[in-house]
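Both complexes below contain chain A, partnered by chain B and then by chain C.
And now, the complex of A and B:
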């Protein structure tokens, strides 16, 4: 503890150099924090998902339609509490860029399967009674200024029986989802209305959402559902929510290895910078270190002094960098690529790297300080 | 001595003393190589993505889909609509006076990837005229599929990306067995990441009546307006008509833009870090030479040439580092392909294309870093009071 002033003085011996080194490490950790945060977030996406929800899609691919008649078979599989069919109507509101997704489903079952989505009971009642009704997510309602009672036109590519592709829905309610705000961008409509009005693919769905009582039997139920439709024309693939979401993310490609490559390049570059600065700083201080040894400092203590200096520099910079990254991380949510808070394990991982960085950049100069011969070092003066 | 002579002499001097400051100089070199390497690598993916789009696209072809969508996956066209589109004005006809048009159906098939895991591969059902329409596609192994049978041919890129697609292999799709009978290649376009088969067989297997898109060969690139006008006059059609070139560019634009933003964002943050590194190095260089520089000033060298020589050293190192970074990106990644989501739900294999233009951008970036990194130390070199600087020995 008594050596702290000594280490401090050593660090600030060349003020400009220390600040510049500090800043370059800070920047590296900002990059690391944001990139690793996005990667971790993507990997952990769906981690908070409900283990008692399963998704049934076509085994051919997730956009291949399934017959809606599968619903009654699925609900009869032991362990299944409830199931809802989901067809999707993808379209746009006012401008082509304003993409909206209307989920054609059984609204009562849907809201029972997603208890996080909060809607007033009378609005849900209104939806079951209004054929062309829709309950919209709170984010959409805010974005487009929709109110209950509005009739909203949606442009789609789905042909209706009347030969047009424009659909209209009447807003009968708004739901919110405080824990999962990203889920507030859907529109829940009646399957019967959409299915009877569309010209193609009638009687088909895009997926079934299945609620089960006991999450520990998820694997067994998935297998049971898939076995029920094995060897039919439309074989199914049933996954729990986490697997399903992870599968979607994996399609983005190898985000993880891209991030790792960039972070690797950043830290390699940085190692060179810090390592060089530390070596330079020790080289300049050889006479001072020799004096320390001459007045009785052990070899080990001098080595430790140099190492501590490196560790202090690296961990302080890492901390500043990670905190800055955490501060700007919510911007990634605005871009729609990650969440609102930086995952906690990124801090732990970052500090671990900071220690490694300090060791690798600090060890060679520390070793040099260790082997320093007092007589030679002082004579060179 | 004039400005240029002085600068020349000083630059030579600092170049000769460079080996003594090797460690510090390496910092600039490696730091900048790292920045440029990352920047060029990411931009090379953008280049690859746009290259696919460009090679898939021909200005004298048009793609027609149902209105309200910009992706074939979501489109639906009835048989009547397909007939009207093929018969529209502006469509080129073959020797038998049949329109050069291909009505197509897309099915995504979930298959195991060579790299592990699985992905979606497009199985495109095409009309008889599809290969007359796209003369750039050739069967390079095996043979063409028989449109009456459950046979398919595989694009070369798709074959490299997915497992078990060799000629002779059988695939189980929707309870039916399909045989891979051939491999086709093209100019490195999007179709190379697909499989193709006869459209009727595909429709009957999947019990579909509708088509998803029609691609037509226009009389010439200029006939597009006529073609579109002829279709717009038909009130029974709710369709979207696009030039093929616009369609494919539109497909990859969003992803290309995102990657470009990432490239320059990461590149800028790293560059600032590298500027700090360069500042450190140049300060060290200037301070190591402070006596030397002061002596030069006493001997009558002007501040201008001294500053210029410091800049010249930083620029030289930076340009070298930039070139090194570009070369590294080329060595490590060029020719590789990155598997990603190609818009919609399908896997696309994006080649990484490092070309001279990108390396040029990298070197330019490097020179900016070098210039900024040298500016403050150069000022310090000439600002130091002569007497103090000389006494520092």
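And now, the complex of A and C:
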């Protein structure tokens, strides 16, 4: 502790340079924090998945439709408690940027399969009795100011039998999902209404959601469902929820590798910047370091002083950067690409990188300080 | 008078390019406890090299250098640094204070290497600053002090750990006559009242006159004509 003023003084000898270096490191760690946070969050996505839910999609591609008639076959597979077909209608509300997703399904089965989605029983009852009804997620309702009784026009690219592509739904209820707020951005509608009104792909779905009683039998049930449709025109791929969700994320690309490449390039550049700053700083202080040695500081002590300076600079900047990243991280949740809090492992990983950065950039100047000959350094003054 | 500094058959050379320069040649020297020795001589005569050997910041090629009872040539780098911290105070021509530290913090530097508590360090630093009459300027940084004041702070830094030996390399070389006289008064006072042995390199005959003994170096050898001013 008693050496802190000395280290601090060395660090702030050239205030502008130190501040600029500090800012560069801070910015790098903000980038690291946000990107790594998103990647970590995406990698962990599905960790809280329900193990008693399975998803049946086309083996060829997730966008390849399956016959809705598969539903009765699936519900007959031993171990299956309940199943619901899901078709999707993607459109926009008022503005093209206001994208909304309408899930066409059996509402009772759907809300039974997703007990986390909370809806008033009378609203669910209203949906089953209102052909064009829809129960909207609380987030969507807040976003667009929808209330029960409103009729919502949705512009889509799905052609209706009447030749138009505009669909209208009547809001009959609002559901929320406190544990998974991101799931509050959907609309749940009656499959029969959408399927009968659309001109193309009638009688098809893009997936089935399957509820099972015993999660330990999931593998067997998946295999049994897929076996039932093997060698048919529409073979299926059945996965548990975690696999299914992670598969969807993989469709975005290898986010982890992309993030690592960007962050790696940034830190590699930063290494030169910090190394240059530390080297310049030591070069300018050679006579001062020589005096320290003359008055009794050992070679190792001077080396440690320089390394501590680098560590202090890098770790302080990293901490500021990571805290700033944590502060702006909720914005990624608003964009729907990550959670509301930056994962704790990102802090740990970031501070580890800061130490590595300090060591790699601080070692060459520290070694120079270590080897400094007092007489030569003082003579050069 | 017991010898604080004892050099026997000391030789030192440097290599400059392809040239080997003999700086000190089989030199013998003894400096007694409490002595104030002035080393004079032309540039390149080996004064500063001799001072560096005595101060333990350079090593002789041959011979033995014993200071404060320690054979310096037998000490490793780490032990030598510890020895310097305990026994030697350095005063340089250009003060060599840390520009970002206050006068107080500069004087405290040698004490950071000791086991003294913060309170003990504070007492010692204040005493050293009072000794050089710089108590009022303890919060000032070197850039806010005159040359003479900076040298006073440097002397306080050299004295704060109560060294056996004060090694001064042209301590008045960068000062005007009045300032130089004040610094020399201060060194005389330190030598007289604290009993600190001083070895000072100087070009200035007036500065050398303040010493109790003067020695002349020429081409790496001590000249016979040394002037004894005091026992």
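Quick note on the criterion: the second predicted complex is superposed on the first by the 343 of 381 C-alpha atoms of A that agree within 3 Å, B and C clash if a C-alpha of one lies under 4 Å from a C-alpha of the other, contacts with A are read in each partner's own complex, and residues count from 1 in each chain.
Quick note on the criterion: a residue touches a chain if its C-beta (ideal position, glycine included) is under 8 Å from a C-beta of that chain, and two chains touch if they have at least 3 such contacts.
From a predicted model like this one, the values you see are computed outputs, not experimental measurements.
Peer 1: Scan A:63 for contacts with chain B and chain C and give back first, second, both or neither.
Peer 2: Only chain B is touched by A:63; chain C is not.
Peer 1: If we overlay the two complexes on their shared chain A, which of chain B and chain C does A:375 touch? Say first, second, both or neither.
Peer 2: The second partner, chain C, only.
Peer 1: Contacts for A:293 in the overlay, against chain B (first) and chain C (second): which applies, first, second, both or neither?
Peer 2: second
Peer 1: Comparing chain C with chain B, which touches more residues belonging to chain A?
Peer 2: Ranking chain B and chain C by residues of chain A touched puts B first.
Peer 1: On the A-aligned overlay, A:13 touches which partner chain: chain B = first, chain C = second, or both, or neither?
Peer 2: So A:13 only meets chain C here.
Peer 1: Report for A:197: first if it touches chain B alone, second if chain C alone, otherwise both or neither.
Peer 2: Touch partners of A:197: none, neither chain B nor chain C.
Peer 1: For A:5 in the superposed arrangement: first (chain B), second (chain C), both or neither?
Peer 2: Once the two structures are laid over each other on A, A:5 reaches chain C alone.
Peer 1: In the superposed arrangement, does A:306 touch chain B (first), chain C (second), both or neither?
Peer 2: Once the two structures are laid over each other on A, A:306 reaches no partner at all.
Peer 1: Would you sort A:272 into first (chain B), second (chain C), both or neither based on which partner it touches?
Peer 2: A:272 sits against chain B, while chain C stays out of touch.
Peer 1: Can you name the residues of chain A that touch chain C in the complex?
Peer 2: Checking each residue of chain A against chain C gives 2-3, 5-6, 9-10, 12-13, 287-288, 291-301, 374-375, 378-379, 381.
Peer 1: Which positions of chain B touch chain A when the two form their complex?
Peer 2: Residue positions touching the partner: 23-24, 26-27, 30-31, 33-35, 37-38, 41-42, 65-70, 73-76, 78, 107-110, 117, 119-120, 173-175, 206-207, 209-210, 236, 238, 240, 266, 269-270, 272-274, 276-277, 279-281, 283-284, 338-341, 345, 347.
Peer 1: Would you pull the chain A residues touching chain B in the complex into a rising list?
Peer 2: 16-17, 20-21, 23-24, 27-28, 30-31, 35, 59-64, 90-92, 96, 155-159, 163-166, 199-201, 231-235, 237, 250-254, 258, 261-262, 265-266, 268-270, 272-273, 276-277, 279-280
Peer 1: In the complex formed with chain A, which residues of chain C make contact?
Peer 2: Listed in rising order, the residues are 48, 52, 55, 57-58, 77-78, 81-82, 84-86, 89-90, 92, 94, 96, 98-101, 105, 109-110, 112-113, 118, 157.
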